[in-house]
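The next part holds the structures, each set out as structure tokens.
In what follows, chain A forms one complex with chain B and a second complex with chain C.
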Partner chain A sequence: MITRRIQYELAGRVFGPALLSFEAWQKRLKRRGKKRGPSPFGPPLESVKKLKEVMSLHYLEGRYADGAVPVAWVTSGFPVELLRPLGFHTVYPENHGALCGVQRIVPELSDAAEKEGWSRDLCSYARTDLGSVLLGKTPAGRLPKPDLLACCTNICQTVLYWYRCLADHFRVPLVLLDTPYVYGEARPHHLEYVRDQLGELIEVVEKLTGKRVDMDEIVGIVRKAREGTRLWGECLATARARPAPWTGIDGFFHLAPIVTLRGSEECNAYYRLLLDELGDRVKRGIGGIVDERRRLLWDNLPMWYGVRELSTLLAERGFNFVCTTYTNAWAEAGSRIDPADPMGSAVLAYTHIILNQDLPNRLDIMRRLSKDYSVDGAVLHSDRSCKPYSIGQIDLKERLARELGIRVLILEADHNDQRAWSPEQGNTRLGAFMESFS
Partner chain B sequence: MSDAVAIGVDCGSTTTKAVAIDSGGRILYSVVERSHPRIEEQTERCLALLRERTGAAASVPIGATGYGRKRIAASRVLTEITCHARGAFFHTGKACTLVDMGGQDTKVIRVGPGGDVQDFAMNDKCAAGTGRFLEVILARLEVPLDEIAQRAAGEARPVSISSTCTVFAESEVISLVAQGEPVAGILAGLHRSLASRVASLAGSMAADADVRMSGGVAKNATMVEALGRALGRPIGVLPDPQLVGALGAALWVR
Partner chain C sequence: MRRAYIEEQKREHGRKAIAVLPVHYPKEILTAMDVLAVEMWGPPGPPRGAEAGRLQTYVCAVARNALAFMASGKADVVDAVLFPHTCDSIQGLATLLPDFGGWNKPALRYLHPKGEARPSSRAFVEKELVSLATDLESVTGRPLDTERLRWAIALHREIDGLKAQLLAGRPRLPMDDGALYALLRRGEYLWPEEHLVELRAARDQLRADPVQTGVPVAITGYVPEPMSIFATLNGAGAFVAADDYAAIGRRVVPQDGPVEGDPFAVLRDRTFAAPPCPTRASDPRIRARHLESLFGRTGVKGVIVHEPKFCEPELFDVPAVKRSAAARGLPLLLLEGELELELSAQTVTRIEAFVEMVSTGRAA
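This part shows the complex of A and B:
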């Protein structure tokens, strides 16, 4: 235990930073003398280096976390603020899934899961994660084994069954926060139901760690989480400027800290840095793409395996995704967090996640984003893997087009499994969509 | 001196079409060939033939569209949606909803009063609901394309056929033939099934619209009739429906 703890601390504080500095030095050496070729994108964000460092350190620490500190695998919509005071190292299988998606190793992982009987019709994050567990394969080197699985149904119901499979595999407890679907505003008895579960959940984690949850510590973490989501929201809001200082695709990547490190100082420090840089780019008129002619909204998760190609195809013709409902979700939910009432506000915030809200709410969000970010059009990604996010898009498309007079395209793909994306057909649709603006 | 002012090439998944037009948009000469994997060679051959027949100079601009559009040395490369809309607007001169049924794509395009593309929908993931679907099943029934109307005529009761998947539908048809179902009933069912799929793709775009049809499948009168029934309104087939995409491509560079 002590050796493991020393390894864990050293990974995060000494070896990790040293390794990253070495890698950065090697990269600089390789790039020396090489000039950046013609690109439809603006100069790369300097903050990317720090983002890489923060996330790499998180995954590097994770390699030594089990046996050193309690480890929880959590869904993206789980109130992680409750786990942080107990010293949990958290792993986000969805974020890790996205990492696998970007690296295009999902078919291999999914095949392993499918071979064990999970259907290809399941969410590709679930298949990626289960396949990664079965094969022990991950671009992060190694994921720590969980002591606890923490799941919240505010993003979908699949997570419950997925985490049950994980619980069965790892033989560890699974805690569930079940959030009733919200029509309009959540009703008092819904909130009471969620709040009761939070109480039960605290009992389980206290028993597991042998520690008591300190309310003062929770307040401190909730305060940081609120600050983090505020900063994230401000980063996103810089794209209201013309030209937007970054692309929506950049936003997908810069989302990682608010998902995985929410409530920590390193998360907030990162977003302060990013916000400074974005603010500076706005002042200097530097755009995420060189020639911004049309501004678009993106709905749903990205296609992790193809974001760069998609972004390039659009950027070459002057189109930029200046806002996305997905990245906005983390800014939106956080606004309800209140350090004065950490438990009550956590219940409110985590119940009112975009995916747990009805279509009128989603339409409101899209309408607001479209206006705030002055978009000319919208692309609604009909995600084969994420039905809760994709349902209702045909109606949303018609309403947005009719009410706002913008052009809207539904693009069929999948967020993580490239086998469900037909580039020829997809690019023709995007091409025709862009041509329709001229 | 030649009257040809523009050339349009529509390199589709099943057939390649090329047209040369005069300044009024009239088609002077057209070529339709089964698409060949060697796109560049085939296009060159078609272009040479067009130039020979119309006397078009090598400097006449070329608009390219269709699946193979990026392989064609053209003045302008545009998607099929934009070109079909332009071609349709040339014929109608007003807003309409165009159903283009090609080899592997079925598109429904809402063309605005100025000829712009206001909205469109295409079949996704699967070619069921396209010309290929018809081709596969007709080949299985050993019915040539030009005999459909004659063979489907009469009081035949349409047999229900699934249109979820072309391959599955083919097995279904084999089984129906084996059970002794008359070909006329299978043909009627096949067209009805296809029409219902296209109608569902069209959704609200076909409501209260002047619906026109283009693409190779528009030459199949049985299909046009079935689609009209599924949409609950008559369908106007555009002149030379198979050439509408190539015509649109030529009009863009005219």
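This part shows the complex of A and C:
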């Protein structure tokens, strides 16, 4: 245990940074001499280097976490602020799933899950994760085994079925925060239910770790989480400028710290750095793409395996995704967090997540984003394996087009499984969509 | 929708009628308030209206068909709709229809908690039951009478008890599967007292000794659609000796005794006494144990898993069901459908081959 702990600390503080600098130096050497062709994108963000460092360190630490500190696998919408004071190392299977999606290894992982009996029609994050667990394969080198699974249904019911399967596999406790869906206004007894569960949850994690949750520490972490989401919101808001200093696609990648390291100083430090850089780019008129002619909103998760190709196709014609409902969700939720009332505000914040609220609320958000970011059109990604996000898009498309007079395209794909994406068909549809603006 | 029957119930008895989406809901409260529950499992067949196109084709047929049916006015004979908190798709439908068009009458929701009983979820479900009763009061214009609720609970307990007897005594019931399932499923729309009479009559037919001579199989899944699956099974020489359909066996709650104390507390306990069901996010390990015990008790020779395509709650559990069958050394047949009106020729052949395999004792 002590040796493991030392390895864990060293990975995070000493070897990790050294290893990452060495890797970065090697990459620079390889790139030296290679000429960059003309790119439709603006100069790359300097902060990306730091982002890679922060996230790689997190995964590197993870390799040594089990046996050293308690490990929790956590859904993206879970109130992680409760776990941090107890020293949990947190793993976000959704974020890990995205990593696998970017590396295009999902078909192989999904095949393993399908062989076990999970249908290809199920959420591709779940299939990716279950396949990765079955094969022991991950681009992160190694994922630590969980001591606890922590699931919140504020993004979907599907995560609970998925985490049930993980609990069955790892034979570890699963704590659940069941957040009743909000139709119009949340009913008082729905909020009471969430509050009661938070109390139960604390008892379970205290028992598991043998430590008491210190409320003062929670307040400190909640304060940091609020600050982090505020900073993230400000980073996003820089894209209201013309040209937007970055692309919505960049935003998908820079989202990782607010999802996985929310409530930590390293998360906030990272977003301060990013915000400075974005602010500077706005001042100097540097855009995320070279020639921004049309501004678009993106709805739903990205297609992790194809974001680069997709944004290049659009950027070459002067189209930029300046806002996305997905990245915005992480800024919205945090605004309800109040360090003066950590539990009460957590109840409100974690219940009122975009995917846990009805379609009129979603339409309001899309209207607001469209206006605030002065968009000319919207692309709604109809994500085959994420029903909670995709149901309603056909009506949303019609309403956005009618009410705001913008062009809206529904693009059929999947967020993680490239087998559900037909590039020829998709690119033709996008081509025709862009054509319609001329 | 059974329009003529619903109209007669409203006219003759002054009842209100409510369309109910699958799966779990406290029917006792509706009965106590003189509300006829008309369940909508689809309806099966191709979508009855162009409005199905408002949901992508990767959403299950149950949600798409319900949308088409309701938005095209075919359910206008009912006074309201109730959406239980079953899955992401029904959750989405419960905002799409009332908020974006297709349903102008009251839309009620019943958000049952997920997972096993915890103090928080026990307290919550009780409040949610009261909240649903209040919503129903505004539909019916009458207050809920506590004594009448006790009566309704007792009535539904008896109905469940009879269903349990018929399912457990299946080998001794001189009836084919098609007739038994048609009888059980009439409870999806009949006024409960009428259904009770039919169930009692069936119970009286139970013999002392087995009369079924086919090979006993278990069936688990969502809803038995198309119903011709039973004719195919029986024709091939098998019969259903163990049922775990969400629409049938998983809603039979083993509870008896007098209805004492606060009826809402009784209904709360009923919620957690129900058999494990993935649409309530039951632990797959508990479900696996439940299934293994069911397979053992009924002596089935094979297991058929019959699921709708694109159904997350059901499909996530398939590996656990497979393991339960394997633990008992039982072969398993997985069928996925889309609420077709008839089984495809290929599915018929697969069922026949499966029955032949289990009858001859050739393990998969």
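To be clear about the criterion, the second predicted complex is superposed on the first by the 435 of 438 C-alpha atoms of A that agree within 3 Å, B and C clash if a C-alpha of one lies under 4 Å from a C-alpha of the other, contacts with A are read in each partner's own complex, and residues count from 1 in each chain.
Convention: a contact is a pair of C-beta atoms (placed from the backbone, for glycine too) under 8 Å apart; a residue touches a chain by one contact, two chains touch by 3 or more.
Keep in mind that this is a model prediction, so the values were computed, not measured.
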Chain B versus chain C as contact partner of A:I394, first or second or both or neither: both
First, second, both or neither for A:R142, with chain B first and chain C second: neither
Chain B versus chain C as contact partner of A:S422, first or second or both or neither: first
Which superposed partner A:R317 touches (first chain B, second chain C, both, neither): neither
Touched partner set for A:A167, first chain B, second chain C, both or neither: second
Per-residue contact with chain A, leading partner among chain C and chain B: C
First, second, both or neither for A:R230, with chain B first and chain C second: neither
First, second, both or neither for A:G431, with chain B first and chain C second: first
Where chain A meets both chain C and chain B, residue numbers: 394, 412
Complex interface listing, chain B residues touching chain A: 67, 78-82, 105, 116-122, 124-125, 203-204
Residues on chain A engaged by chain B in the complex (per definition of touch): 394, 398, 401, 407-408, 410, 412, 422, 424-425, 428-429, 431-432, 435-436
Residues of chain C touching chain A in the complex: 53-56, 58-59, 85, 87-89, 91-96, 99-101, 109, 111, 113-115, 118-121, 123-124, 127-128, 131, 278, 281, 283-285, 309-310, 312-313, 315-320, 322, 336
Complex contact set, residues of chain A against chain C: 116-119, 121-123, 126, 153, 156-158, 160-162, 164-165, 167-168, 176, 178, 180-181, 183, 187, 189-190, 192-193, 196-197, 199-200, 358-360, 382, 384-385, 387-388, 390-395, 399, 412
